[in-house]
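Per-chain residue numbering starts at 1, and chain names A, B and C are given in the order in which the chains are listed.
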Amino acid sequence: MRRLATVAAIGLAVALGLGGDALERRQAPRLRRFTVEASATGLRPAVLRVAAGDTVWLDLVATDVVHGLWIEGYPAEITAEPGRPGRARFVARRPGSFRLRCSIPCGPLHPFVGGWLKVGHWWTLWRRLALGLGVVLAAGLWARRANRSWHAGS
Amino acid sequence: MARRELTRSAPLRELLRSRWPQLVVTASMLGGFFLVVAAGLLGTPVGNRNLATVGVWIAWWAGLLLVAVPLWGRAWCAVCPIGAVGDWIQRGAVLEPSARRLGMGRRWPRAWRNLWLQNATFAGLALSSVVILTNPRVTALVLMGLLAAAACASLLFERRAFCRYVCPLGGFIGLYASLAPVELRVKDRGICRGHRRKTCYLGSEAGAGCPWLVYPAALDRNTYCGLCLECLRTCPYGNVAVNRRPFGADLRGTEGLGLDEAIKALALLGTAITYAAVLLGPWGELKAAAYHVGSRSWLGYAAAYLGFVFGVMPGGFLLAVWLSRLLGRGREPVRRRFGRLAQAVVPLGLMCWMAFSLSFVLANWSYVWPVLSDPLGRGWDLVGTAGARWVPYLSSLTPLLQAGVLLLGLAWAAALVVQHTETVREAAPVVGYCLLVAVGLAGVLLG
Amino acid sequence: MSREGTARWLVAALALGPPAALLAGVRLARERTGPATIEIRARITQAGGWTPQHLVLEAGKPVRLRLTSEDVVHGFGVGRAGFPAVDVWPGRFVEARLMLREPGQYVFYCTRWCGPDHWRMRGTIEVAGPAAAASDVEAARAPLYVALGLDLDAPRAARVLPARRPSPQRGSRLLGSVPASYLASDDYRTHSPEDTWRRLRAEAAWSRFSGEELWDAVAALWRVQAPAATLARGAELYARNCAACHGSEGRGDGVLARGRAPGLPGPLGHGPRRPADFTDARRMLAASPALLYGKVLRGGMGTGMPNWGPILTDEETWAVVAYLWTFQFAAGIDPGAERR
């Protein structure tokens, strides 16, 4: 009985973790404007949150040197330097977290200058906890059985 | 997967016993080492166009962490050029076992025969890591410094004291080597008991005594065996074998980790989280503080880092262990339980490092191509790839790989905790700690 | 040879061979670089700027330049020489052919923003050769603001201001009644908009027009001096060189001006201060194009405003000045297109 309950809990947790996306509230698409300032140490803001389906207008303002912005999953690659901002326009169709990275060498920290475009997914933390819990329960169940056979064998 | 002796195969056994293959690989690694140092000192200071930074922190690091350590444990140490040079100087030879020993051969101080010094050297390197990772000259100087330190240690102390007790990377690799599906063990301890000369430890005409100051007959974990294969050559009974075995077989024992090892495991886990937050996180001020070594903000960062990896991480784990004891039935001392349950942190730690490295390596692997053609950033084009552009590889697949690896680490850790405890309640606090760490790191790496 | 001896040779070959080959390659590459090649390295100003900072060339003789950056993206341009600027990328080399026909002193400078001291990243080129008399005379002619005796730093404020933004389109309908002398470029250059407004106000034939209509006429007169191609060139130069400090809207709020104190300079009249606000009608309408030309040419004497004299040609400087007026007068071409 306990084994059945555990297996059911695992199934529920994993389902929530992988499919919790479907439970997210759907909003009507809006126009979202962001001005991202790039410097040699990072982006500000570094995290852009939009809902799935939103139209995103992104202006990249370079505050010190020439910077570039690469957005994972989107073909737009913007270049900006002080006085000449760059811009990108796109529709954030797919939900998920997409990396923003600097694409033009801008100093020693260049490989690490970046951020996130988060589309939808405000449930992410709970989904991860659920998935982790499911995995942990499954592993524990497996370990108990392995333990018994291990003790039995040795 | 049961244990299987790989050295039963005669060709493999002869390959491993012969000194030539290992020497060729080691010398090649030394060639690469000098190439990297030359590039770092003479080439462009731009990190992504210099062989020193790209070759070491992207290519070599990927090979080490994603392939060598998980699959072959301490195999890197068998061919590492840093320790080898000191070893050759000490022995006065590169190939043949030699009775001549240069240097004072002093015994390593008893008080330091543990991982504490390696904890310190690793932390020291970690505090300057942002500068080391991005600056070719600093990379070159650090590598030369390690080589010089190893050589000096070889002239002062016995055997490979540097590798065993000082090398910042050695502690890291050694700890995670206990997860690898490969091991070196004696076949029959009875034979060892009857062998008076103990040539595996004391040496013979066939080879040196274990340079890693390990007594092979007592070897039951991969952590301190550097896979140098000397004992394979010196055992007159052929009693030493290289085996294939299940992953993580070292962690099933009830012995547990020593306090120095447990702190190392927790500190390494904390360091993986720190690196992820600083390098891959969205916090620019944190990056700047970590980069400007010596500044006021860096001092704050250093204090926070040391407090986190040597305070918060072990402290939190201690709390979980104490709770576990409270909820359990046993009367086991907390310290022993701490050491036993800390074994769960080892696979979690390795998986966290792999998840971190995947993001960094796949995103920047395309820097390797131009550097092959133009190692110094001088406008050369040796193999036609100098103009290759930066493009992150597998960017949509990377989060899935990272999530998979983190979940594997979490499952592995949970399984280990359950195997070392009796009830669900007893296991819950430590499993909860691992879950928090995994979910937290997933947040930073996966957005 | 013994096994150990062979092994030592093998180790030496494997360990020392690759770095030796690398060093040999470095030596070979250096020897291949002929005397007609100059290698120039770029770093941000605080880290040393250009290396070398001074070049000596012969008039009419081309040289091959090999340029690289050691930190961020820079650009290499030569002032007043018709040399197309090239971008200089970190860790990579770019080659360019430079030939300067006229002897004299030139300035080479960075053309891509590389930090707050980007404009200080300059070097000099001395071109030796027989001096040409004509170009000497050209160089010796004093700028207009000097000939007029203008004090570039004197405080100024227009006392008559338009109530609404003057429009060249509205004003163009009135240009038929304007005396021909007002349409001359010298007249435009030597008078401020307020001066011209006052002169028009004093003309009997213009007494029937309102003050706002006079401003529109002034805007139209200014617009006549700046054909679309000139404005476009001015907009491009402004975006590339000025907007970082003066802002793309001309308000003196560019990204590199942050943290600078507004208001007047210190007791010595020098010291870094906030860049000029070209939307400030009181100050702009009291300035003649010759005065603005002088400011651009001479720079700000320690205020942080660079001197563009060695960099921009006369034509380019007048184009920038023409563009600056679009912050006061609605331009015939849409200024927003350049600024957006």
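In this section, a contact is a pair of C-beta atoms (placed from the backbone, for glycine too) under 8 Å apart; a residue touches a chain by one contact, two chains touch by 3 or more.
Small disclaimer: the values here were computed from a predicted structure and weren't measured.
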{"item": "A-C against A-B, pair bridged by the larger set of C-beta contacts", "value": "A-B"}
{"item": "Most centrally placed chain - per-chain CA mean versus overall CA mean", "value": "A"}
{"item": "Furthest chain, CA centroid comparison against chain C", "value": "B"}
{"item": "Centroid distance [mean C-alpha coordinates] between chain C and chain B, Å", "value": "54"}
{"item": "Centre distance in Å when chain A and chain C are each reduced to the mean of their C-alpha atoms", "value": "43"}
{"item": "Between chain A and chain B, centroid-to-centroid distance (C-alpha), Å", "value": "29"}
{"item": "Touching two or more other chains - residue numbers and ranges from chain C", "value": "71, 90-91"}
{"item": "For chain B, residues that touch 2 or more chains besides their own", "value": "46, 48"}
{"item": "Of all residues in chain A, the ones touching two or more other chains", "value": "105, 108"}
{"item": "Footprint of chain B on chain C - complex, ascending", "value": "2-4, 6-8, 10-11, 13-19, 22-23, 25-26, 29, 66, 68-71, 90-93"}
{"item": "Interfacial residue positions of chain A with respect to chain B in the complex", "value": "39, 41-44, 46-47, 70, 72-73, 97-99, 101, 103, 105, 108-116, 118, 124-125, 128-129, 131-133, 135-136, 138-140, 142-144, 146-147, 150"}
{"item": "Chain C - residues contacting chain A, complex", "value": "44, 71-73, 89-91, 112-116, 239-245, 247-248, 254-256, 258"}
{"item": "Residues of chain A that touch chain C when the two form their complex", "value": "37, 40, 61-66, 81-85, 104-108"}
{"item": "Residue ranges of chain B touching chain A (in the complex, touch as defined)", "value": "46-48, 130-131, 134-135, 252, 278-280, 282-285, 287-288, 291, 360, 363-364, 390, 392, 395-396, 399, 407, 410-412, 414-419, 424, 427, 431, 434-435, 438-439, 442-443, 446-447"}
